[in-house]
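Here's a structure for you.
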Amino acid sequence: MSAITSLSPEQKMSAIRCHHLIKRYGETQVVHAFDLDVADNEFVVFLGPSGCGKSTILRMLAGLEDISGGDLHIGGQRVNDLPPQERGIAMVFQNYALYPHMTVRDNIAFGLKRLKVPKAEIDSRIKEVSDTLGLERYLQRKPTELSGGQQQRVAIARAMIKTPKVFLFDEPLSNLDAKLRNHMRIEIAKLHQTLKTTTVYVTHDQHEAMTLADRIVLLRDGRIEQVGTPQEIFERPRSAFVAGFIGTPPMNLREMAVHGLDGGQCELRGGGGSVRVDARRFALEGRARATLGVRPAHLHLETAKSNGEGFAGEVQLIEYLGNEVLVSVGQGGEEIAVLLPSAAGPRLGEPLRLVADAQQVHLFDVATGASLLRPDAVLH
Amino acid sequence: MRSHKTRLPAVFIGPGLLVLAVLALVPTVFAIAISLQDRELGQADTGWVWFSNYVQLFSDRRFLNSVRVSLVWEVLTVSATMALAVLMGTLMHRCATPRWRQVLSMLFIVPVLLPRVSAAFVWKFAFHPLFGLITWPYKAITGEPLDLFADPVLALLTVAFVDVWQWGLFFAVIVLKLLETLPPQPFEAARLDHAKTWEVYAYVALPMLKAPLISLAFVKMVESLRAFDLIYVMTRGGPGISTETLDMYAFSQGFIESGRISYASSMAVLMMVASTVAFTYIWKWTKPS
Amino acid sequence: MPIPHSHRLAGLALALATLAPAALAQVCKEDVRVLSQPREGLTLLEKSKDEFKRLSGASFSVDNLNENDRRAKSRADASTVGKYHVYYVDEANVAQFVQSKWIVPLTPYYPASYDYADFDAGRQKVATFAGQAWFAPLTGGGDLMVYRKDLLEKAGIKPPATLDEFVAAVKKLNDPANGVYGVALRGQRGSGANVWRWMPFFRGYGGQWFDGDKPVFNSPAAVKATQTYLDLFKYSAPGTKTGGWDESTGAFLAGKVAILVESTPLAGNALDPKMSTVVGKIAYAVPPAPLTGGGYGHGLAIGARANKTEEAKKCAGLFIAWATSKENEQRRLAQGQFGELNRTSVLGSPEFAKRYGADLGKALADTGKVTAVNFWQDPAWPDLGDRWGIILEELITGSRTDIQGGLDELDAYAKQLIARRKK
Amino acid sequence: MKKLAIGTLLARLALIAAGLSALVPVLWTFLNSFKNRVDIVSAVPKFFFTPTLDNYLYVLNREAVAAGLVNSIVVAGAAVIIGAVLGLPAAYALARYPLRWGNDIQFFVLSMRFLPPVAVAIPLMVIWLQLELYDSRIALIATYTLLTLSTVIWLAIPAFKAVPKEVEEAGRVDGYGPYAIFFRIALPIAARSLVGAIAFGFVLVWNEFLIALMLTTSEAKTLPIVASELSQLGRDVPWGILNASVILLSLPPLLMVGVLSGFLNAAFKRKREAA
């Protein structure tokens, strides 16, 4: 965030500040005191399961939803009561929202015409934008004659041409097939590198979020669960929810009993398994139980030196992923997933014993789900 | 959803709603007022007679008959229309290629678009005892002309036939389109369960379309109120009063036989109240949301 | 209304172009609108539109409706906006139109040169109400019994002179297997349809409609008349149960009926080879006793509301006079429109005798003696007659069987009518 | 397998019969409209005859028919235009803006259709008489506006709902106000369905009979009234002329078969995609 100091004052005008934003529909409150600062040039991704309020907040930024409470500033100006066109934003919608009755050219020019931009300038800007996005050949076509990817490019062109202070993307890639989605994602990333326009991007796809975002805002039920760089979110999830939401295959979460051991160690036991952790890393004082979180990649097969700890069970299910296999190991109804090299070749029904990498485990409060990791704990 | 309070809804809905309300409510109020008077066409002096018209109605044999005929007409045309629509729609869905569906759909819309006056005339002529295309084979075989309009029961059935012809075929197209909106999986699943074709439709497809089919029946109930044009052109309520529906009798009383518009209006008011209450109830009942 | 307007201009242009009858051409300011029922004579008139235009300065247009509808529509129009300058009225509704002031007396606006007195006396009588003439007749007359000479001879039957003989003859001549029916009656509802043919039975058996304000038609005579009428329907040609004049006479003209009693124009039609397949096989006589002849007369009257000014009334009067003029009747005679001849000068002309022979003349003269006013001469007659028409239609088509019950119902209805009038 | 084939065959025969039933009476009327009276009034139906245009010439030259045609065009046209001008914006607002009384207004609009025409026509007759507008085109246009307006609103609501909301929002982000969005985005996008809705309104009014019968006597008579008057002529029914006028009357609605069948397809395609 210190990077912004090198930018010119004009560009600095495009920071977003949300202070205690609230959205209510009648009696039900769907966004609870949302606080966020988005720096100039930053690419922020709102991530969360459906219904978490991410699109609502985006639409509040755009001016498409009323703001029920709090303040919204864009570029230093309070914009709560400004209509969309006066907020200096441009938006790309999930289903492109192209004007079906207009040609691609007219779609792109529609906003500029409203601003009474001279025709010559409109033409030159269309040329510029369509060059950038490779749309020259399609300018005279109707949107229905284009493929999904091309339509999405038109939608981006329509947003770009207005040279907005802020780009808003509302799940722009979710209507595309997997291959095209990858391709467009990379294009959006490149575009941001070139234009450096402040961007807020909404998605439910963690892969998009991780790859595109400078910072991720993880939302749940209208509240911020965690804000941070992708790495922070992945490595230091602030809650069991974040930990479970981020990362594929998902983290194993299991409630266990806490037993203090000598030498600053703790042992967590439960469901026929146990793991030893460094008690100094976690705020475990006075706790009898905690939720253990361990990613499948951070489990390995028992070796000679792993003094009795670990999870025993039989192989219940094997999912082949290529280089690796995801193996469900279970005992007494509880299962734990582990990524193993394909070469290890586990077989169904085979008894295994898994040991967690003690440096990589997470512990959460059983009731609140809050992480018990001490802030100063070092990660590997 | 709109961030800025716009007056658009008021500006857009206001005038239309105002016009509708004036055009609907003023006549309604007038209809009630007139029904409480003793207005006759061409007679300047009118006075209030309050409910005497209504009292008279219930001892008027023709009024009671017309209520009966109207009810028979509703039940007959609605059920026959729905039966024809479901049958033809299903047959098209099952047995016709897409191209034939297209052709038949076009053809089946023709009758409903015909002005009812035209439809009535076209069939009246087709059923003409001497020159009719339909009655001709009967005449050629038996040597006797077939006069459908002379028999009280046949006359009603014949007029109802024309109504069902107009609406049943049109609804068949809608049933077809509805069937086409259904996902194919249940059909395939039922077939894998060794269901016969008709069973697939009777137990799988049509139950899935229950809601739209009820809506269709509702539309037909409302439209069946407009029997007047057909009856006016084809039978004038005859023979006797066997096809005299409420609107036909009200019109007769107001215009053909006597100019008793107050008396006619009292019938119209009863009809309006009955249909509004009945349809509102049915509507709310079929659309619980 | 762009059409009359353009015609007006056309009429004006024509008047200017011809200039000669300029004095007369000013009579009409706008086209004369006529509400009528189909009459061959009026259709023929349309061919002479130019003649009327020269005469009056305007044209005319005729809206035609069948008899029942014409009555309903003319009453609806006259009682509301009154847009028609000329109404077609008949014996049954002239009283209603006069009393409601929907028409004005004809004589002041009927140019003397057209000679109203030339019309048949019987028809003048029908056109007169409350001492004044209201319409100029287009058609009228009484009843004739028309029969197939050939069929009666073959069966060895004398032309029936009494109703009993008539019924017997009908039964005997009925031979559906060979496509011949005994009789043709009218079943279609309407005071001028089934009721019209039923009334001679009713009045013949001595029935009366009213005694002062008291309905008295609910009598044994009415029951007997109805019973006889229904019995005869068993031998009536197909299609007549819901048919009127057209179906009934049509069946006769097509050779499917042996004998019937109908309005006098049938005689002329039966002689017209364009319409009739039985030319040369028929004869006429007076209706069998005690049937009375149904005296009737239809004609054109001046609408009160549409003709607001004296000038307009004069224009309408001129149209009526022209339409019923001697010249136009002669044209009708030349076309064989027997039923639409009303002037003594035409009926007595050598051309008429030459065309229709002496038989018909004699039969018409004889039947004149039994012609009577069968209906109730009252403004409420159409209302009452139509009500009875419906009940009669029900009886004929079998949807009700109780004659006395039907008459009782009519009686109750008549009392309501009287009560409403007194109010 | 064989049984199934017979069943299919029978079903197809039934469909063909139904299809013919829709067409043949109309075609027969069409044929008859080119016949001389002798060819119509024949004991055995005639398929081959010498065609004549006399019936059409007569009908088109007949003042009543020409006047009826003009009246029908003016009255139906004006009522449809008024219905569309007032109805389309109202439908749009009802479709797009959540209103407290929205559902009640929609039901009120629908309930217009529950009113029996007689119940509307009798009082209106009295009203127009008192206003001295009885038997005028204006009175008929005003009355028919009730029909067209409610029909257009009712059918246009789903058409506007089918316009993707995001497209309108894109318009807002592009800087357009609510009115501009209606005229420049919603209206053109929904145009195809709206044409269908308007066409329905037109057919409804063009075919309307009872109200016209009661509210006109001569000057404002519409074509259905003129045609029915011709059809009721008892004496020497001019069958050929009558057939010709029925065809003339039916032609405009039949020309809309294509439009309306397209409207149906669009309406149900939406449903299918939504499902």
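In order of appearance the chains are A, B, C and D, and numbering begins at 1 in each one.
Keep this in mind: contacts are C-beta pairs under 8 Å (C-beta built on N, C-alpha and C of every residue); 3 or more make two chains touch, one makes a residue touch a chain.
By chain, UniProt protein names: B, D = Multiple sugar transport system permease protein; C = Multiple sugar transport system substrate-binding protein.
As the structure is a computational prediction, the values presented were derived from the model and not from experiment.
The minimum number of touch steps separating chain A from chain C is 2. Centrality by Cα centroid goes to chain D. In terms of their C-alpha centroids, the spacing between chain C and chain D amounts to 40 Å.
Each chain gets one centre point, the mean of its Cα atoms, and the points for chain A and chain B are 58 Å apart.
The mean-CA centres of chain B and chain C are about 38 angstrom from one another, to the nearest whole unit. Counting partner chains per residue, chain B has residues 1-2, 130, 255 touching two or more of them.
The set of chain D residues touching two or more other chains comprises 125, 177, 232. For chain A, the set of residues touching two or more other chains reads 63-64, 83-84.
Of all residues in chain D, only 164, 166-167, 169-177, 180, 185, 188-189, 191 touch chain A in the complex they form. Remark: chain A residues 62-64, 83-85, 89-91, 93-101, 110-111, 114-115, 158, 162 touch chain D in the complex.
Chain D contributes residues 4, 7-8, 11-12, 14-15, 18-19, 21-26, 28-29, 32, 40-45, 86-87, 89-90, 92-94, 97-99, 105, 107-120, 122-127, 142-143, 145-146, 149-150, 153, 177-179, 182, 203, 206-207, 209-210, 213-214, 224, 227-228, 231-232, 239, 242-243, 246, 249-250, 253-254, 256-258, 260-261, 264-265, 267-268, 271-272, 275 to its touches with chain B in the complex. Per the touch definition, chain C reaches chain B in the complex via residues 68-69, 72, 75-76, 78-80, 100, 102, 176, 179, 187-189, 238-239, 241-242, 382-383, 386-387, 390-391, 393-394, 396-400, 409, 420, 423.
Of all the residues in chain D, the ones that touch chain C in their complex are 63-64, 66-67, 70, 125, 129, 134-135, 217-219, 229, 232-237.
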